[in-house]
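Chain nomenclature is as follows: A, B, C, D, E and F, assigned in order of appearance, with residue numbering initiated at 1 for each chain independently.
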């Protein structure tokens, strides 16, 4: 079930059998010379909807702009500041908690979101408790990164080895190729690629990662790989989500 | 061009010929017994992409959650607070301005967004100027409501007269039916419908508009109407956007 | 009744018969070569006190600085940022709601305040509801622009036609002349005047409106006109306020 | 010169000879059974205008709502939170500094404002410096409490001795009687009056100061006393302001 | 009792006999050519622990960074903005109030903290009341400056006369020498020293106080003086704290 | 070198040879029936000072209150909200960056700080860049958790196996025993201990971890172990810090 295609009475009926919701969260940021700006949002949304279908759980609207400040020296990147994103997440959760949702399963496509998301969860638990929300003590949030699923990680290593890298990876690019085959891009990639340098500010990032890739070779990606990653991620996260929703 | 399907070098190339971007903004809120929760985002996104196509202007990611606090007594609604939304808009614009974008054309699907959007524009102009952004004085924002296009408004009156109403309107529902024919909902609607009462807080809103409709009869909507509205809005807003982008 | 001239026991007594209050809100901003910096506050205050007298409703202190960021390239302008003004309005309303006031009728003298005021109302309704204020669901706010009263608008068109313009208008200048006849200023005005250009940032505004006027000819103003505007506005807004206060 | 009665070219001309401005700041809060809610704003405004006249310095709009949270258990009180007031002061000063003002002399009528004002000054100095305002390092703010002028304090002790108290004092009430003789209120005052208890939260305050007075007997006030206080305060603060403006 | 060396069950037991806590607050800021950057925190912590020992009251962790924006042109200074510090104090008090603490006695070592602390107290009282904290109306905060104790002040005048000055004073330096005799610094001090100039922004401060001292001669300090100051401050503040804790 | 025992000229001299600083950060939170409330701050401070000594790097004041909202159902816990902590870290770094520091090595004693710290780093990089700080692009921050050092982790497993747990661990308790042997506490511990449950809000946390321990048996700790952990952590983090400071 996709929240945006439901009516409010349908949501009301849903809440009688479940208080769980999946929230896809990605980013709008450079993904190297061939990766789509929307890669992280595309992947998170596709996987989240697959999971929602598989286990009949409501899927909310995709948060397609996240915390990507370190990518803002590349055009096309849009980022929230962490302080803004904390408020956004707080507003999402408190709106939904007011209606009765209590279990928030964020399917995430961007490593840069994780720290701020976790900070936002802590902020929100205290916020709801301080405001005496009736269900404050039932509210639970979890972030699940599709690219960190054991099966996904294993396949990426098998297919790409060290060329998987950590940003603009062939695995995530493959998944976007599966979702949007019409938007596959190929350009010559320089054989050298930045690798292993920590992430600080945006200018520093671009200096060390001049074409935006971090140790990756996205030219290895294929839509067929993408389907494999998709299937694995949906399966793993369906289990993960069910476990989360059924926990005491 | 859809930003999320572009690579950053493509954005870089685009910026050499245009500094304009279209940003669709909707809402995630109840739309009566038969309207989709995502109605405003669906409409804004569809029209914005149509406009982007028609006049070859970049279209950014859809802001699918807006200012809908007055709808939060109905389940499924998600709202940003105005103070949060101002920060979100500021972050979007400053990220894009840093890369060289200066003209921001917001295609909007939700009346409740307008005041906060305008406040956010003012906040952002001053923010960029105070920070000495190199292009601060070139940055311009405009909000264009697809449902307020003269041609759209006229057709809605012709088709629905007084039953157009002001929320969960047959015109917006029709447009969603055109985009998502598979998600058309029909349930019996009470013959009486709330009408004409001002909007204050959420509880008060639900008391006066018990099923969420504001003076509307969405049962009149058809996907064919939706296509007509779509075509009119795309045409009108394409002109509006071109005028905005070419203004001195 | 003017709040600032009442004692607290008088306010307590007033609250037993009415929970309504009028709050005048203006701005401190340039009004062209001859208009007072305080024009919007002067007009709002005068009309609000007239209304308060006419219908025996409490009038609060004048908010004499509003949202005028686009005028800040002209000396003398003082502006709140929208994010600040939202907090100010929230603090006013929550202070007064704590004491029992629930109906807030803002008589406004500045178009630039409207968007932020409306955003602030939404923010405040949710704030009071989240904090479980006992009267949260009774709180209602309305903004009424004295210069938009049908009778005022009509008279301005009759007297000034196209030379009314939209900022530093003869109608508002006339009203200040009626209130402060000792402060009437006359200087030669350039025959050309900026007109029709949208409002973006402050530097851009001054570039398009070099002397601060927007399409207006304030030299047409007279104190006698001012009295006419005053009388019309007080009459119209007295009715509007009574209707607001008596609504269910 | 009153800023609100000047035009922007007049302000521009003024800035060529002085960069100083007087900002009256008061409060809107209970002042016991007979004192006006607006006492602090009335006094600050009257004295500030007197000073401005005496030494030909620009006087800005009165900040008539300040930090009065501890009085909010009495109806009629309106208070900003300190965090809001810091933003308000920052916005005032940065608007005026942008135009060239650098010396801000706050004439204050309310002890409860002082701490927050001083915090706001510190916040603002750093804010302007961080933003590289051209005149950031010239900006200076001072708060001057009219009721703390040596001559005022001495007269109050002579006239009222221990009955001066510390809130709803006969001296401030006298000054309002001088300004608004038509609004003098007399009611029987209980012979006992709260005294000497520290100020914490609003409920605690009302418990210890049940009628709002703090050790004072405002029944001793007369308009003639008010004139004396006014003259003394204007004289003292005129000297203080001149000294501030001429300091290196 | 030092909170950081207690276990939570010990705190729980303590709360059954007392709801008071001492919070030392200092600053991390330049203290002239020979004074330690941590002077204010060192002094506040030492005195607070002495008081805690003397009267068996819990002592919380030292807030060692305060409001020192005006010292930030000297290297080594760290400052919170007032707006940040208000949130910090609010978070401390609300955490502790949630557990049952209601009386907060801040032993302060830095004059620059006082205004912001007082603003923070006001902010917090209203915050807790608005959130309906069960003990909101019992929460009381007081700031006590060790260097303002009558006995301390008197001794400083006796020992140093006019050379006590107001920053990097021999009295505070002496106290740090008593606590850290191994860190005593001596360098030649210029015979002239800035004196009597008001505090505005950081650059202005350094211009008027080029070596950081304000009218003081810290070369007069000795560890033996430090012990005297320590003993006097502990005695005076022990009485002050007991009085605060036992007040009705 | 300890910043708080340096003078500002000493800091100025230090900055000529190094722009690095170590910032210890801990927490003030329950650590089970026998662990000190200050455990995380005590450990971080001790290790940080050891590292500073070993490699001659400046050590700043200990941030002894961090993000511990999930522990606030146990008395004695003090927590910043994530949104507050982001501002605190931003203020620390910007104060120090203004003076010339660019490399910030946070030695951390509390897992709950990590997400918020990382969010704060991102926030701060963008903040400094937007404000055009001269050294904005050189600023780098790193968080190093002493308890995650490979050697520490290995020893903890050897000594305690599964009884190390994840909060109120014998390793951290041992380190505090080494630092404060006079404050060792022993009470009978229940044989069952909460384990493996995810962390959500504070009430939920206490329900699952009723005595505050997470899978640990702190009774196994000894001061001698503590010395071993201390030595290992200082050695590992000295290397880590040197590597960080010398990186290009």
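Here is the rule we go by: contacts are C-beta pairs under 8 Å (C-beta built on N, C-alpha and C of every residue); 3 or more make two chains touch, one makes a residue touch a chain.
All values reported here derive from a predicted model rather than from experimental measurement.
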item	value
Pair of chains joined by more contacts [C-beta pairs], C-E or A-B	A-B
Farthest chain (mean CA position) relative to subunit C	F
Whole-Å gap separating subunit E and subunit F, where each centre is the average of the chain's CA atoms	24
Between subunit F and subunit B, distance of the C-alpha-averaged centres to the nearest whole Å	46
Euclidean distance of C-alpha centroids - subunit B vs subunit E, Å	53
Where subunit A touches two or more other chains, by residue	72, 81, 83, 87, 131-132
Chain contact topology (line, ring, star, complete or other)	other
Residues of subunit A touching subunit B in the complex	2-12, 15, 28, 30-38, 41-42, 60-62, 64-65, 72, 74-81, 83-84, 87-88, 90-92, 95-96, 98-100, 180, 183, 185, 187, 212
Subunit D contact footprint on subunit F (complex, rising order)	94, 131-132
Subunit E-touching residues of subunit D, taken from the complex the two chains share	67, 69-70, 72, 81-83, 86-87, 112, 114-123, 125-126, 128-129, 136-137, 139-142, 198, 200-204
